[in-house]
């Protein structure tokens, strides 16, 4: 879950079902020659950090199948398909779990 | 459920199945510098309060899987996809539960 | 079921399966200031009275899951999606139950 | 089933599965003032008599769920969606049962 | 199955699954006045004879649900949807069983 | 499976799931008068020989339902829908089994 | 999984569900006459090496059906349908397993 830091308007965004809330990050990648690759050279994916996740896909018996990412995970997302959410000057995106292409690990 | 306040025409709107009736609200967000963000800067979501909910998704055995929001919940909805309903000078929207992006909590 | 009143041509329209036959009504809403809202200001829904309903959705075992509205119910329907039926100078619409947005109660 | 009356070319058309063969009729409706409503004023439905029906929807175990109309039934059909069949100077239409909007009863 | 008659190139076409191989015929229909109806007046169906049928729809357990027509059956097919196959100067069409509108019987 | 004959680059193409690898052939059909029918007169199908087949459709329990054609089978395929694969100067096509219209037998 | 070699930014891309991460290769094919076929003559497939695979398709009971390729496998992919991912100057693609046309073996 995300808690915004502005006093008096503290809020959490809790995604529903199998949705995840992510925040984009600019990957600090370097080329072999040490040059920084500008973001637009990074191709058709969105590098993002998972901020909050929903309960998962609701089954017919009322239970949920949990999503397979957690807050803090670094993920790759397609350039299109999410919904932009702005909250206190920061921009977030909500995607369905099934749209997450991959996790990034160190 | 919503009960309108005009005498003589009091009405409740009871959404069917997994639909929810919501009323938009203008989020009173402030920037760190104290400036108010105009609504159109808020991006592609609709901030809304749930006013009434349907019984849920009807199963083949006649039972219902309840919706996961309740009247009073603050939710984020996509800009498109709902149906506008006007009742006694107020504007409401009806969405399917599955279209709700997230709940907002304090 | 609807029985039309012209002698000699009395007919009942019995919707099939999960269809409902509705008749539009002009909601006699008043604004707080007492002004009548013209119909076109009412937005993108159709205010209608259920006139007849089908048996419901047929299951694989031959039984039916009844529809959740009854003749006499006031309902909200989307502006598009139904089929217009004219019978003895009156105009009706046939919708699938799943298209009904909400019931209106007093 | 329909048997055409021309000698030497007698044929029956037996619809397959959940299809029905119908023959359009011009509803002899009268307005309250006694005027005949021309057919094009009747809106977007097709008044038809069921002439023959298929065995129904085939289940995985090889059995069939019978269709819910019978030869002789008067039905309302959408203006589009059927296939026109001409046989011995008469025009018929084949529709799927699920496209039948309603039965008409006296 | 169809066996073509040209010596040295005898071939059978065995449709796969729920497909049927048909050969069109020109229905020798007569009007009541004895006039022959030209083919293009016959509307939007294809009069055809079933030449060969596939094994049917394959079930998950590996068995097949047989198709409901047999070689020799006269059928009505929609004007569009099949695939034209030419073999030894004759033109055939392959349709899925579910596209067959009706059987014609004498 | 197909093994190409160029030394040093021998390769097998193993289709996945219910895909089949086929190689087109020009059917040496003769008209009754002995004339060869040019290929473009053969209509909208592709005459092909199955070269390799996949394991079949994977079931939920991890087993496979085998495809119903084998390497060496002559098949009819629709003109469109496959993917062209070139390997060592020869052109192959990959289709899904469900796209195969018919088998050809002698 | 793929581990990039730039120190300080070592990362693994772990595809989610039934996705696979592949790296394109230029197939060193020779014609019989010894000429190299330029890549654009290779038709509408993508020759690629599987670099990492997801856990597979998640079942309702929470288990996974493993994908049928492994890192190191040579595969044929359709020209379109994948998502391009760039990581440390190298270009990768993410496809769903079901899009893989075939495996290539030696």
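Labels for the chains are A, B, C, D, E, F and G, by order of writing; each one numbers its residues from 1.
The rule we apply is simple: contacts are C-beta pairs under 8 Å (C-beta built on N, C-alpha and C of every residue); 3 or more make two chains touch, one makes a residue touch a chain.
Chains and their UniProt names: A, B, C, D, E, F, G = 10 kDa heat shock protein, mitochondrial.
No experiment lies behind these values; they were computed from the predicted model shown.
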item	value
Angle (degrees, nearest 5) of the CA superposition of chain D onto chain F	105
Interface residue identity across copies chain D, chain E - same or different by half	different
Distance from chain G to chain B - Cα centre to Cα centre, in angstrom	44
Computed distance of Cα centres, chain E from chain A, in Å	55
Sites on chain D at which at least two other chains make contact	none
Chain contact topology (line, ring, star, complete or other)	ring
Circular arrangement of chains, read from chain B onward through chain C	B, C, D, E, F, G, A
Residues on chain F engaged by chain G in the complex (per definition of touch)	1, 6, 8-17, 19, 21, 52, 54-55, 58, 60, 62, 83-89, 91, 94
Chain G contact footprint on chain A (complex, rising order)	28-32, 37, 41-45, 59, 65, 68-69, 76, 78, 97-98, 100-106
